[in-house]
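Chain nomenclature is as follows: A, B and C, assigned in order of appearance, with residue numbering initiated at 1 for each chain independently.
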Amino acid sequence: MIALLLTVFTPLAGMLLLGALRSARVAGWLNLALCALSLAGALWLAADVLAHGAVAGASFRVDALSVYLVVLTALVGLTTAIFSRPYMRYVHEERRVTRGGLRLYHSMYQGFLFTMLLALTTDNLGILWVAVEGATLATVLLVSLYRTPAAIEAAWKYFILCGVGIAQALFGTVTLYFAAQHALADPAANGLSWSALYAVAPQLEPRVMSVAFVFLLVGYGTKVGLVPLHSWLPDAHSEGPTPMSAVLSGLLLNVALYAVVRMKMLTDAALAGSATPDLAGHLLMGFGLVSFLVAAISLQRRRDIKRLFSYSSIEHMGLMTFGFGVGGPLATFAALLHMLVHALTKSAIFITVGHATHISRTQRIDRIRGLIRTQPAVGWGLLIGVAAIAGFPPFGIFTSEFLLLSATMHAWPWLTIPLMIGLVVAFAGLFRSVQPMVFGAAPPGQYPVRANMLPVIMQLALVLLLGIALPGLLAHWLDQATQLITGRHLL
Amino acid sequence: MDHFLSPLAHALSALLQPLLLLTVAPLLVAWIRRVKARLQNRRGASLLQPYRDLRKLFAKEAVVARTASPLFRVAPYLVFAATLVAAGALPLLSLRLPSAAVADAIAVIGLLGLARFLLVLAGLDAGTPFGGMGSSREMLVSTFAEPALLLVVFTLAMTAHSTNLASMAQTTLHAGLVLRPSYLFALAALLLVAIAECGRIPVDNPATHLELTMIHEGMLLEYSGRHLALMEWAAQLKLALFAVLIVDLFLPWGIAAGFAPGALARAALALALKLGALGALLAVAETALAKMRLFRVPGFLNLAFMLALLGLLSHVILEAAT
Amino acid sequence: MNPAALPLLDQALLVLAAMALFTAFALLAQTRLTAAIHTFAWQGALVAAVAALTGRASGDAHLYVSALITLALKVALIPWMLHRLVRRLALERQADPLEHPALTLLAGAGIVVFSDWVAEPVAHFDASATRNVIAISLAIVLLGMLMMVVRRQAVAQVLGFMAMENGLFLAAVASTHGMPLVVELGVAFDVLVAMVLFGVFFLQIKNSIDSLDIDRLSQLAEPVEDDDVRGDAP
């Protein structure tokens, strides 16, 4: 329990602390230290959960599935904080953000991590909603941090669209609570507790649960970036500060998907005996596949480098959603693994992109050229990152996509065709844009910048390691999470 | 008991109720004018003034334009008759309406539509610009008002399971005080429609025929003498008719079930009180509101339509027995 | 459910809920900002009254607390903040006419029918008198959404957003006699923070495009070929 409190409430304290702190230099370091502390708590918590099973108490509940994402969140939070410290100082020196803006940034960075960790560790579905909505509130001012008209527009769109979406999720939650009232003995006390609901799920009225799930899927799906509710995502990613893009892609989308998966577990259990037992899975597959294909097509001919990679995020979120929709131990295992490797790779890519835009002083793909000559570390980082995200062996994404494809081949053989096509199209779109950026002739007057490639190297190495050989501990861990979701072990 | 009432008495009451309404219609108008005057710190004319006006007009010679067709002469009688027949379908003092077989809300709306149609034709007939403008505006108003009015009737009919006015009133009486969202919306819609149909502020100003935006007065501009008297009286009757319609549908309490003299007296008193209150309400609203520009009238009536539609929907959603 | 068979308290509940639905339509059609804010405050008051009456009918004391929170937040605080912002941004006289008023209202009516259809399985499952209010509340949520779609004015969009919150609260009250208090407090906190952020945004938007007309925020909405050409921003 102490580990849990340490993990979740360090960022909350950090938010208040950094909000009050005036020195920008200290704030950067403090931000980093807080993230490290939170990660330490997360690892401790993970050890606890893996050794003794779920930790629960006072509307918190952490099981193998949530602690997996807690560690991932804390880890990406830390690596991005390492990158963000010098990056934000550079942005500040460029006068693109004021001192007050910097303070807001650091405070809200911690606030965002707090909402993410709270969403992952709470057992109360109402608090889950509050936390996910809180994540929007924490990040929306960061998207408009640069105060350009485009940034303000992106932030407004983000705010309004996510607000509308998340309102649907609240309606779904209310409907869920309504179903719970008829199944639980004491609904006022634990009517929104996920674990209590899961225990009585077969008694939840199937038709009510179907309605609830549709609203919850639309609501949290907006946050996942599922087509057709995705249009906020590229804007928010491209206009916000780069560290923000890294955590949005790496964390927020995952947490929203986590919420969807939790709801799917409930719905599946409730609908097991009804006429449409696979409603939730089929909906997820449909939304996932459409998002995947639309994003793969949208990857072609992008002009803004951050938009390019945000479409790639939509593509991968679609793939994961599809994987969870297919269900079964193998597909679920693959989707879980994909969450991990995608978050690591994508945040590494966004960090590299931050350096690349720093070098060439633009986000336009046709003006970023010759990175590998100007600064080999950044060039190679981008190249390797893109190779990883495109699903090249021996990186981890290859493993998870391969597992997912074989699961699909098994359950829905003809759906592997669109998946394969989508992967090839996405690959082509990514490489056509990235190749000249890395290898093209560097324009004159382009100089290397002080880049901190440590987080990139760390994360890409981790992805590589996961691709070559999945460590036994992690495999066991993922298997426990898979067992939670599907009720069956894979290994 | 009135089960044994002779056919003669039946027929008599069928005649008497609309005639009674016809008689009190100018009084209602006079009452509204009086209240309005008081609200504007004037003393106002006598309550008998509309009667005097009518008598004066009937005594005067009717002048007819040279270009006018025979329709122009016939129209006042037809308009008056149609409105009077419509009034005959309303339960005024007693629910035991001899004309019950035809006393249908839709028939009332149809008769009023007929009267309007003739009025509009008459307005066009003389070929003057004001008459044409008034007619086209009247048609504009009716295009929006009539669907709303029908929708109100349908909404209420869904609860009453009838479009017969007497049995609709009977249902409301029988149920006692029940708060129904659909009735609330229907009442609001009917009030708006009545204001538009009777040409009151803010849709039309009945007090003047000097405005370029006049509707009803524009159509009557060529009429004089007994023709004008009939047209004016029909308009007053229409106002009274709508007032009684509102009372019948939403506040029928006090109305007599049969023809017992005591009950009839009570009903007359109740009706007088209710009409007086409605008239006062209208006077207050007319004092508080300004006449709206013509192009906003569709918006006003759209609101009425919307309210009626909401009434229908809220009946289906909230009140339908399942 | 025939209202004649219900106690007067439940009848009043139905009437209040229906009136809240009407305010949602009024918000949709209201072109003047100040009048729209008043309408929104009325909607909040109606919803709070529904909560209080439900509390009276069911004996749930915490519904009174919810009603008070709603009253404070949706009737007093948020309208006050909006009025202040409108004054500060000199928008009092701003009208924001709908492009197709009749079409919009018909779409609204369609939404009501749709909500009834969606909520039918939920309502069907419950025996309480107010079950059909769920459909009404869903309609209010979706009408708020429609308002955010058809309105081009930032303040009007915010009103739509807040009207959605009203609908959600009504849904919670009508279907389950309110959410657990901790969740309601969290939601209220989120709404409050959202309102503050909206205020910040109004100022930012006003500063950047000198108007609160969202249509003029269109840099990111160009055709696909141009949509990501932007300034040289890292």
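Note that in this section contacts are C-beta pairs under 8 Å (C-beta built on N, C-alpha and C of every residue); 3 or more make two chains touch, one makes a residue touch a chain.
From a predicted model like this one, the values you see are computed outputs, not experimental measurements.
Asks: Going by the contact rule set out at the top, which chains touch both chain A and chain B?
Replies: Touches both chain A and chain B: C.
Asks: If you count the C-beta pairs in contact for each pair of chains, which pair comes out on top?
Replies: Greatest count of contact pairs is found between chains A-C.
Asks: Please find which chain has its CA centre nearest to the centre of all protein CA atoms in view.
Replies: Checking distances from each chain centre to the full centroid gives C.
Asks: Provide the C-alpha centroid distance between chain A and chain B, rounded to the nearest whole angstrom.
Replies: 66
Asks: Compute the distance, rounded to whole Å, between the mean C-alpha positions of chain B and chain C.
Replies: The separation of the two C-alpha centroids amounts to 38 Å.
Asks: Counting in whole Å, what is the centre-to-centre distance of chain A and chain C, each centre being its mean C-alpha position?
Replies: 30
Asks: If you look at chain C, which of its residues touch at least two other chains?
Replies: 124
Asks: Could you pull out which chain C residues touch chain A in their complex?
Replies: These residues of chain C touch chain A: 118-119, 121-122, 124-126, 134, 138, 141, 144-145, 148, 154, 157, 161, 164-165, 167-168, 171-172, 175-176, 179-180, 182-183, 186-187, 189-190, 193-194, 197-198, 200-201, 204-205, 207-209, 214, 217-220, 225-234.
Asks: What does chain C use to touch chain B in their complex?
Replies: For chain C paired with chain B, touching residues are 1-4, 8, 11-12, 14-15, 17-19, 21-22, 25, 29, 101-102, 105, 109, 112-113, 116, 124, 132-133, 135-136.
Asks: Quick one: in the complex, what on chain A touches chain C?
Replies: For this pair, the touching residues of chain A are 59, 91, 94, 96, 124, 126-127, 129-130, 133-134, 137, 140-141, 144, 146-150, 152-157, 159-160, 163-164, 167-168, 170-171, 173-175, 177-178, 181-182, 187-188, 191-192, 205, 207-208, 210-211, 234-235, 238-239, 242, 301-304, 307, 354, 357-358, 361-364, 367.
Asks: Looking at the complex, which residues from chain B come into contact with chain C?
Replies: 175-182, 184-185, 299, 302-303, 306-307, 309-310, 313-314, 316-322
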